[in-house]
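Paired with chain B in one complex and with chain C in the other, chain A is shared by the two complexes that follow.
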Partner chain A sequence: MEPKQPTNLPAWLQAPASTTSHATRVTFWQRNQRHLRALLRRLAQPAPAIQPRWHLAPQINLIRLLLLVLLIALIQNAVLLWCLALLLGFQLLWLPPGQLRRFVRSWLFSSVVAVIIVLPSYWLNGPATLLFFSLKTSLMLANAQYYRLTTPFQDLLSGLKSLHFPDVLIMTLAIAVTYLRMLGQHLLLTMEALETRTVAPTKHPYRLIGAMFGNLYLKSYAYALELYAAMEARGFNGHYVRSTPTHSHWRDYLSLSPDLLVLILFVLWRP
Partner chain B sequence: MHIPDNYLSPATCGTLVVAMAPVWTVSVLTVKAQVKKHHETLPMLGIAASLAFLIMMFNLPIPGGTTAHAVGGTLLAVLIGPWAACLALSVTLLLQALLFGDGGILAFGANALNMAVIMPFVGYGCYRLGQKLHHEKIGLAVGAYLGINAAALIAGVELGLQPLLAHTASGAPLYCPYGLNIAVPAMLSAHLLVAGWVELVFTLLVFQFVKRVAPTNLYQTPVKTNRRPWLALLVGLAILSPLGLLASNTAWGEWDTTELTHLLAQQHLSTQAPQGMVHGFHFQALFSDYAIAGLPVSVGYILSALSAILIFLLLIRGLQHGTETTD
Partner chain C sequence: MALINLVNLCYDYPNTTGLDHLNLTINAGEFVCLMGPNGSGKSTLMKILSGLASPKSGDYQLDGQAITAAYLADAQRRQRLHQKIGVVFQNTDVQLFNTSVAEEIAFGPRQLGLSAAAIEQRVTDCLQLTDCEALRERVPYQLSGGEKKRVALASVLALNPEILLLDEPLNGLTIAAQQQILTLLQRLQSAGKTIIMASHNFQQVQAVGQRFIIFNSLHQISADMTAADLQRQPDRQTQLMTL
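Entry: the complex of A and B
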């Protein structure tokens, strides 16, 4: 049996929808939302820190990073810098391919940014200074990036604790990272809500931003009160308890030996 | 304004970390005292650090289609107190350097001095002055603008000094290659023209919002502070001031043109003083070199010191709020 009424769709539905994509300007709201989402992704699912074959004590890792950055800053000898670069290169060999690519991407980006700032000095001091400065800065950034990639946040806290940093500082750091995610989430939701409800471009975006951050501060204050109540309920006495044993092993000191060797060469070697 | 690694020499970085150590110590001690009255200050430090991180991350639109970000140093000082803001901002900078690669690890002391000390304290000082003159919003606006620009100026000086402090035998700079004539104008122009205004508007609007919605959540300056340590320090320094009489030579850098010419000749550098100094402005003070005509140097020195102390005490007394009532 055939239907009496034709089942054709109305004309306006049959007409092809105009899907012309206008190249819209990315507003500062969208840019901020993108940055926030990236930060939240990073905080929510931090890339698993790679466990090297020799798991070093956190404080040794921290000392090693400081020593390396200091050495690179001090050394003006190309051969010694080359040795330090080789040392880092060997360490990078242990990284899984995915992490290695991530390392290279991030390192290249930060190095390019650092070099762009000093690029005009080419006309002031010539290419040699620029090249040497760029290489040293890149090497420092590579070492810092390697540390970030291989050290979980908890290890950073344990390292600072082992190096006798004040409890207030360690606790503040721990709270800051935890609440960075919560406040970031709150800020993102506020921005999304504002964007959804706004039908026309905001006349005074700064007033809106002021209200948004004012609100964020009040939220922070409320969080602080709740957090202190929770801390008190759990018997907080102002001391940060060391969660993992962080005794240094002979292997930890051994891991410092290449850097110390370069340090000795730096002090004694006069080419 | 985050100075990356390798822009400052290790000597500069070390000096600035050492310079920051007493500031951090006083901050911790002051905040501990603050915690006794307001328990929430302790967790608030960490939460304020994350708030500062988000403020520095948030891009604000500026005319011309581009964006800039505020630092929030003055704002935090007004919201949670300058010492707590100093600690919170230091933690933010440490996080940024170690976990996010923003700002140098060695340059942490320099960044902390610029953004966690100079900015909040200059800003808070202006805000308090405005409060005393019953124009707190103007004080806050001036503080936010001056705070960030003072920090930028110091960062420019730190960077610009590097070619003078660390260079090769041929004069090639080892760290930041730009001298003071480039670094200071570059840092200041960007902040005077753009970042300062962004900071000002942002600080003022957030402050206005918080003051309207929850005025009790603003930092309340302690009414009575223990002035004994400061008085003891001042009295101690006044008692020690005659030690200056033991010094026989002119202090370094305080030479007149004759002494300078003599020193330059001794060092085989030049036989005459720089022309700018010879033909520059010369002010003849009433008691030049703390000497009073007709009196021995030591007596003139002590009389000058006593006069200065008396003038400052009278000034402080005159600026204090009176307690007497008028009929």
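Entry: the complex of A and C
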């Protein structure tokens, strides 16, 4: 059917728009819009922001992190913990000031959250225990934050693949993270579109939130079906293959030596 | 009269440039086409003009009022800006979030505090203007791409904005539907609205555009010319055809 030509413009559309002025009753929704947008923007951005000075093979990076977390969890000796802290400090020395600030910010935030939420049981055992476990937890979190900020998500997947983690796990992780970013981007754009049509405080903000998330659910469902169909159409058979196999260099193994040294000390040293 | 005035405007994305020292004046009632290859900065400019992003440096003045980050931080002033400028996004999927097309169009007028009869009048008029009467009770999510574009335009028109920013509004439409939208836009311009339309398809807009602002891949304006100037430059037209 041929589309009709538009009818003449109605009188209200030809009249100059009168800008209305509303009382600004700031709702919870409007107060938090900026924070939500900032969060979604971060979610929609590809990681990482910090470039490490030495680029190690992904699997070595991952082994290193696991080894460090394990050591910090097991070590009860303050000198060895100090050695591990020095090792991390040495790596941080090479970061530019801006990136170091970013690291410190996210590390402090996660440490405070851990101390408040995860560690209250230690509070009952006296200040010395609390201090010791708080230090151990923040050291663990500092290493994890450093890994998170310096490792692209693709490197994590490559590391897992090289360490022979199950394909299903890697693929689920890959799709989940990519998907999360995509949905974050969709929600961010929806909020921007909503903002351009928000000319007064919304009377029913929670109804709007419901409609937006309902739409997001429908969208994610449709995306999932399309994604699977596209994967099948390109010959997906359940086996997840990384395009570039990663090889370890002797320098990668050498980078593990300080951590291995601490491990040996941990096993052999009985003060 | 200068409605929009941009002086040395720069905008950066985390790893790339969005706009590089843009100088531009747009008068009230103009029909301006922003042309250029993908990623040249057309949509970024739209975002800044609509108040969704603040420039890194440079000045943006709308109707003599400087639109700064401090201005945009004030909710009431931002809402006044949104009432003045209507935006149709490139991806209209994100623009429709209500449960029916009629509700979608009524969303803006309802916030303006209009009476029920006035809201109904605006909904009916906008549905007629965009040839969407048959879609009135449909769920926006289930519409086709072209139908979504028309509903998005209707929902923006319902607010009676002074300036219309349209980001690739003709993509995904049939030739007849494109013509219909262009005729509507011309009528809106005759009624005094300022139309700013981004497109990378010169054939779609050459008949209606009065002024063509051409972006290059360096995120700068490489040419700013009237339709009459463009008529005299066949080489430039050929270049635009191949964007």
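What we mean here is this: the second predicted complex is superposed on the first by the 181 of 271 C-alpha atoms of A that agree within 3 Å, B and C clash if a C-alpha of one lies under 4 Å from a C-alpha of the other, contacts with A are read in each partner's own complex, and residues count from 1 in each chain.
As a working rule, contacts are C-beta pairs under 8 Å (C-beta built on N, C-alpha and C of every residue); 3 or more make two chains touch, one makes a residue touch a chain.
Being a predicted model, the structure only gives us computed values, none of them experimental.
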(request) With the two complexes superposed on chain A, say which partner A:215 touches: chain B (first), chain C (second), both, or neither. (result) both
(request) Answer with first, second, both or neither: which of chain B and chain C does A:115 touch in the superposed model? (result) neither
(request) Determine, under the contact definition given at the top, whether A:92 touches first (chain B), second (chain C), both, or neither. (result) neither
(message) Contact-wise, after the overlay, does A:67 reach chain B, chain C, both or neither (first, second, both, neither)?
(response) neither
(request) Give one of first, second, both or neither to describe whether A:104 is in contact with chain B, with chain C, with both, or with none. (result) neither
(request) Look at the residues of chain A and decide whether chain B or chain C touches more of them. (result) B
(request) Identify the partner contact of A:14: answer first if only chain B is touched, second if only chain C is, both if each is, neither if none is. (result) second
(message) Between chain B and chain C, whom does A:256 touch in the aligned arrangement: first, second, both, or neither?
(response) neither
(message) Just checking: does A:199 make contact with chain B only, chain C only, both, or neither of them? Give me first, second, both or neither.
(response) second
(message) I'd like to check the shared interface: which positions of chain A are touched by both chain B and chain C across the two complexes?
(response) 211, 215, 218
(request) Provide the residue numbers of chain B that touch chain A in the complex, in ascending order. (result) 4-6, 9-10, 13, 28, 31-32, 39-51, 53-55, 57-61, 67, 79, 87-88, 91-92, 94-95, 98-99, 101, 104-106, 168, 172-178, 201-202, 204-210, 213-214, 217
(request) Enumerate the contact residues on chain A facing chain B in the complex. (result) 28, 31-32, 35-36, 39, 65-66, 69-70, 72-74, 76, 106, 110, 114, 118, 121, 124-126, 128-130, 133, 136-137, 140-141, 144-145, 147-148, 153, 156, 166, 168-169, 171-180, 183-184, 187, 205-207, 209-211, 213-218, 220-221, 223-225, 227-228, 231-232
(message) Using the touch definition from the top, list the residues of chain A that touch chain C in their complex.
(response) 2-10, 12-17, 19-22, 24, 26, 30, 45, 186, 189-190, 192-203, 208, 211-212, 215, 218-219
(message) Show me the residue ranges of chain C that touch chain A in the complex, using the header's touch definition.
(response) 14, 47, 50-52, 75-76, 78-80, 82-87, 89, 91, 93-95, 97-99, 107-108, 110-113, 118, 121-122, 125, 128-131, 141, 155-157, 159-162, 174, 176-177, 180, 183-184, 187-188, 191-192
